[in-house]
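Per-chain residue numbering starts at 1, and chain names A, B, C, D and E are given in the order in which the chains are listed.
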Amino acid sequence: MLESLTLFGFGPDSWGPAMLRAAANTVAVAAAGFALGGSLGVLVAWAKIAGNAPVRWLAAGYTTVLRGIPDLLVIYLFYFGSGLLLTPIAQMFGAEGFVSLPGFLAGMGAIGVVSGAYHAEVIRGAFYSVKTGELEAATAIGMPRLLKFRRITLPLVARHALPGLGNVWQMVLKESALISVTGLVEIMRQAQIGSSFTRQPFTFYFAAGVLFLTITILSGLIFNRLEHRYSRGRA
Amino acid sequence: MTPPAQPDPALPPAVSVRGLRKRYGKLEVLKGINFDAHRGEVVSILGSSGSGKSTLLRCINMLEIPEAGTVTVDGTEIALVTRRDGGRRPADPRAMDQLRARIGMVFQDFNLWSHKTVLGNVIEAPTHVQKRPRAECIAEARALLDKVGIADKADQYPSRLSGGQQQRAAIARALAMNPAVMLFDEPTSALDPELVGEVLRVIRALAEEGRTMLIVTHEVSFARDISDTVVFMNDGVIEESGPPEEVFAAGNNTRLARFVEG
Amino acid sequence: MTPPAQPDPALPPAVSVRGLRKRYGKLEVLKGINFDAHRGEVVSILGSSGSGKSTLLRCINMLEIPEAGTVTVDGTEIALVTRRDGGRRPADPRAMDQLRARIGMVFQDFNLWSHKTVLGNVIEAPTHVQKRPRAECIAEARALLDKVGIADKADQYPSRLSGGQQQRAAIARALAMNPAVMLFDEPTSALDPELVGEVLRVIRALAEEGRTMLIVTHEVSFARDISDTVVFMNDGVIEESGPPEEVFAAGNNTRLARFVEG
Amino acid sequence: MDFEFLSQTFVALLPGIPVTLELATLSLMLGAGLALAFAVVRVRRLRPLNWLVIGYVYVFRGTPLLVQLFIIYYGLAQFPEIRSSFAWTYLREPYWCALLALALNTAAYGSEILRGALLSVPRGQIMAAQACGMSGFLLFRRIVFPIALRQALPAYGNEFILMIKATSLASLVTLADVTGIAARIIAETYRPVEVFVAAGTIYLAISYGLILLVRVAETRLNPDRRDPAPVAGVGAARKEVTP
Amino acid sequence: QEKSWDTIRIATEGAFPPFNLTRQDGTLDGYDVDLSNALCERMKAKCTIIAQPWDGIIPALNAGKYDAIVAAMSANPERAKVVSFTIPYAAGGVTFLTSKDNSLADVPYVDTLIRLQDPKDADKLKAALAELNTAFAGKVAGLQASTIATEFFHKYLPDVKIREYKGNEAELDLAAGRVDMIMASLMYLSDLVKQDGRENLVLFGPRFGGGLLGQGAAIAVRQDDDALREKLDAALEELKADGTMKEISMKWFGFDVTP
């Protein structure tokens, strides 16, 4: 116990600040990826619900493939594959050598497209539990699509989707650990670095768990508030 | 009882329906409906349960797209285009929305927005569709809620209201847009006789302002009191239509007579 | 019209309500309700919207637990115990269930189970609460659906039904349990006059079989035709009760008179 | 891309499939049972169990599965008491540790999904059942659960697929599942993209089978949603019971 | 066009002390890092050193994320198929570790290098493997995946049960008794046993090198970057010759690892 205090306190030899910096990276890459995934998810859910056959087919392909393949593959493709794609483009513009996405962007992109598939499923499920009549009432009163979406559909869907989105956020948060192959120092990578330095893997992975738990508890508070807000008027 | 302002047949009809057909799967619900409603005219639609009355109202503002036929509102036909899969859709969604904003609708099952209070339900469309100043909308909404007798429920959520209160909130919501045409689907079903009288008075006042009204109702006496025209639907077609005195004249049509007798 | 079978006052009342009080937050909805309904008696409950009629029905089979007062069904008082937090709950849940199985209820907003077909809704309780053989239940259910005129909709899901069809499905569901007491919350609100007449006949037949019926309704003529007793509620109390001829006698009570006139 | 290498890798990965499938199936079954029990505890607020479950869910949703696996596998092993106890016969084995961690993890997620679904069952539908004399388990089994399941299914489908992929963490405690074998091939050949494509195909096939199963279940549970052709706009794609 | 290589991006793992490690403040340090800096100074090149986790260290090189890997990477034939190696800059071979209460602790530590494909060592190798095969009966080895140790077991001790770990967790399972031994680089293991709390760990068995174990640690570059490799080779020769390499080695290992 005392030993871990000196390990994670704030002295010069302490791993506390490093772990906190890593935690900030985790939150940043997860939040950016979650936001990207959320936007994608809304689009894809919408395509699945209201699209014509080819659009629905595409959307189904997307959610099936991205949920089905290992996340690490997506990250590899984003991180290593982006070079293959970007280098020729950059060289056309006169750049030299290799050009590819920085770790953070590659991670954010990978998390975004993967979590987009999960977002889409959650949102789709939530949409089906909204009463049609309430949406029809908005159409009947002459709301244009976007307005209806923003003022009526979104809040009603949010009410049902929030618990599921909470799950997706938790998933994304932890998926960020895989981003370390890109060299981004997030919590799990920092734990690995610390454990190899001190040769105390268990202590570091335990600390990583505590950090993750803290982040989830804090974000859980936000989700609870949102849930409360969107459940107003519920029978 | 004073008769409502006379509709003016010189103008084009406010709502004109021609050859409307709608089916759900194998079930043909509307089998070619034709009728006109003139400006300021109150049309009651009667008919047995399942005869397609709600479906007709829903087709008029294109909540359901009819397979065939046209709907013309205020001289403009609602243009539909045929999709590749054979279904149809509104040709110009923007124009469709603008039109819908001028057609108020009170649903049979109210469909109040559950995430908004009663007041929120009423001011939603005026503030966001018509983009009028919020304070003005609130003042008007409160007046409307007062008129339908639920001013004290303005800040409640719909799930906390009794059936009749929900119905009145739905009426207030439709009126708040100040629509030229109103579609009422059984607007008095959950109301007590006192309130039915109240709604009757409101509808009459609206008709005098020149608003056109299509009212689905089961209450023969209500229809008799309020309508310029009564339409009797049966099995997907209009079987009878005309001024109430004529339509309700005994022996006119056995099906209708049986219907009215109960 | 033949009067319904006479209720027998020698037996204990089928339903007896004493000092019933119910509040939602600050709003006191029921302010001490007392009344009896004898075996085979048809009691109509009238009252303006929001006066607490639906709440009263829900309290009778304890879907809402009243803050004070007792409900006695067939001589057995529904025992409530006070919880630590001050609320009350049924003392014996099993006995409560058995009692509820003998009280049929038709809700104002139907509440059909969305995951079951119409037939599924009707046979659910007979097969699983009464545990009767499925084939028998199905046969009975089909007969009931035929009686209310929606035999052709037996295999549809509730979301595909018109308002009146849903209401009839709900009535069939309640009847399928063959209950001794029936609570109807506006059973004819979505029905056309023809069907209202039909339901009136059904209710009369049920009364003749000795069933007790409490019917919330807005239709004065319906209440007049069908009831042995009319109860008029206003603002959470019973303001008037007695045989229809007496209650509806003009000038009896200004509030009621105004209510009936509309 | 080198297709010969790809197909060789594919064949080499095949023996991992049973391990992956077995871990996923067992942990999902165990987890779903626990999840349902936990969700009921939460919805009915059975104290003090309620608090325990809240804490449990927070911890298991709030930490990476990797950490959970580490703590169960390496953490518990640090205590000589455990190593000398009966439990060590199981905890000693990576397989049981992985199964335990996976099941506990999915139970936490599943219980949240089911809780949300249970809470979304319309009150009117429950009241209608109570009015018929249903209560307790009968009410739950016949009305509440089927309605909740319809709502929960898309989200639980996500969870199934996540678990298929989560089993890959078992390779970290030395199990030779598909990922475990893939990691070994990568270590020998340094061609991660090809190997991941081969492994990805396998995971995708498994997930796709699962998605099909879930879709069949969804249409069976929502017969009223089998509309012939959805009409105009988002709102018209389905019908729900009118309130 | 030909690159002049006056700027070079170098990757190291940053989690394999004392070769390379990351300090609390995020700075990289260790034998590899000091060596890299010395090399760059010698080549008059501007260098940036970045940390890259081991899993992706070779793919990222080939994807062009950086130009060279200096991460205690053994130059073995398998890897040489996908990257090209400079001359080795550290050699110590690989050996075994167990805990003192394990019967393997009785196998003596043989502080001489057995070269796998060297004909001179063929007899020694045969004898050693025979001895190990009997000693290892019923034992389990814990190895880090993607290392030469795994390949060694596959080829020379195929009957011994092994478990593969992603990182250095095999040490934990050695402590828990789930595995009986670890095989890793001598330089890494000899540093490990010096740490606090590892008093019950001992080295045992012979030291192996050469063959599939490679000639020792070398720098990896992309296969078509011959100019860079030659430049690095030249600089390494210089550092070897003038004793700089020995100096760095003494600082980090306490003994000379120069091949």
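The rule we apply is simple: a residue touches a chain if its C-beta (ideal position, glycine included) is under 8 Å from a C-beta of that chain, and two chains touch if they have at least 3 such contacts.
Source: prediction; values computed, not measured.
Undergrad: Just tell me the minimum hop count from chain A to chain E, counting one hop per pair of touching chains.
TA: Between chain A and chain E, the shortest chain-hopping route counts 1.
Undergrad: Shortest hop count from chain A to chain C along touching chains?
TA: Tracing touching chains, the least step count from chain A to chain C comes to 2.
Undergrad: Looking at chain pairs D-E and A-B, which one is connected by more C-beta pairs in contact?
TA: The greater number of contacts lies at A-B.
Undergrad: Relative to chain C, which chain has the most distant C-alpha mean position?
TA: Most remote chain from chain C, centroid-wise, comes out as E.
Undergrad: On a C-alpha centroid basis, what's the spacing between chain A and chain B, in Å?
TA: A distance of 46 Å separates the two centres.
Undergrad: If you average the CA atoms of chain B and of chain E, how far apart do the two points sit, in angstrom?
TA: 82
Undergrad: Using mean CA coordinates as chain centres, what's the gap between chain A and chain D in Å?
TA: Between these chains, centre-to-centre, one finds 19 Å.
Undergrad: Find the geometric centre of each of chain C and chain D from their Cα atoms only, then give the gap between the two centres in Å, rounded to an integer.
TA: Centre separation, chain C to chain D: 45 Å.
Undergrad: Give the residues of chain E touching no fewer than two other chains, as numbers and ranges.
TA: 55-56, 59, 169, 172
Undergrad: Of all residues in chain C, which are in touch with two or more distinct other chains?
TA: 109, 160, 163 - these are the residues of chain C that touch more than one other chain.
Undergrad: Indicate the residues of chain D shared as contacts by at least two other chains.
TA: In chain D, residues 70, 74, 78, 122, 124, 192-193, 222, 235-236, 238-240, 242-243 touch at least two other chains, as defined above.
Undergrad: Which residues of chain E touch chain D once you look at their complex with the stated criterion?
TA: Against chain D, chain E makes touches at 55-56, 58-59, 78-79, 81-83, 145-147, 150-151, 163-166, 169, 172-173, 175-178.
Undergrad: Quick check: in the complex, which residue numbers of chain C touch chain B?
TA: Its residues touching chain B are 24, 46-50, 54, 108-109, 149, 160, 162-165, 168, 186, 189-197, 200, 218-220, 258-262.
Undergrad: Would you tell me which residues of chain B are touching chain A in their complex?
TA: Going by the criterion above, the answer is residues 61, 63, 85, 93-94, 97-105, 107, 109-117, 124-125, 128-129, 157-159, 173-174, 177.
Undergrad: List the residues on chain A that touch chain B in their complex, please.
TA: Against chain B, chain A makes touches at 52-53, 131, 133-134, 136-145, 147, 151-152, 155-156, 159, 230, 232-235.
Undergrad: Hey, which residues of chain D end up touching chain A in the complex?
TA: Its residues touching chain A are 58-59, 61-68, 70-71, 74-75, 78, 109, 112-113, 115-116, 120, 122-124, 151-155, 157-159, 161-162, 165, 168, 179, 192-193, 196-197, 199-200, 203-208, 211, 222, 225, 230, 233-240, 242-243.
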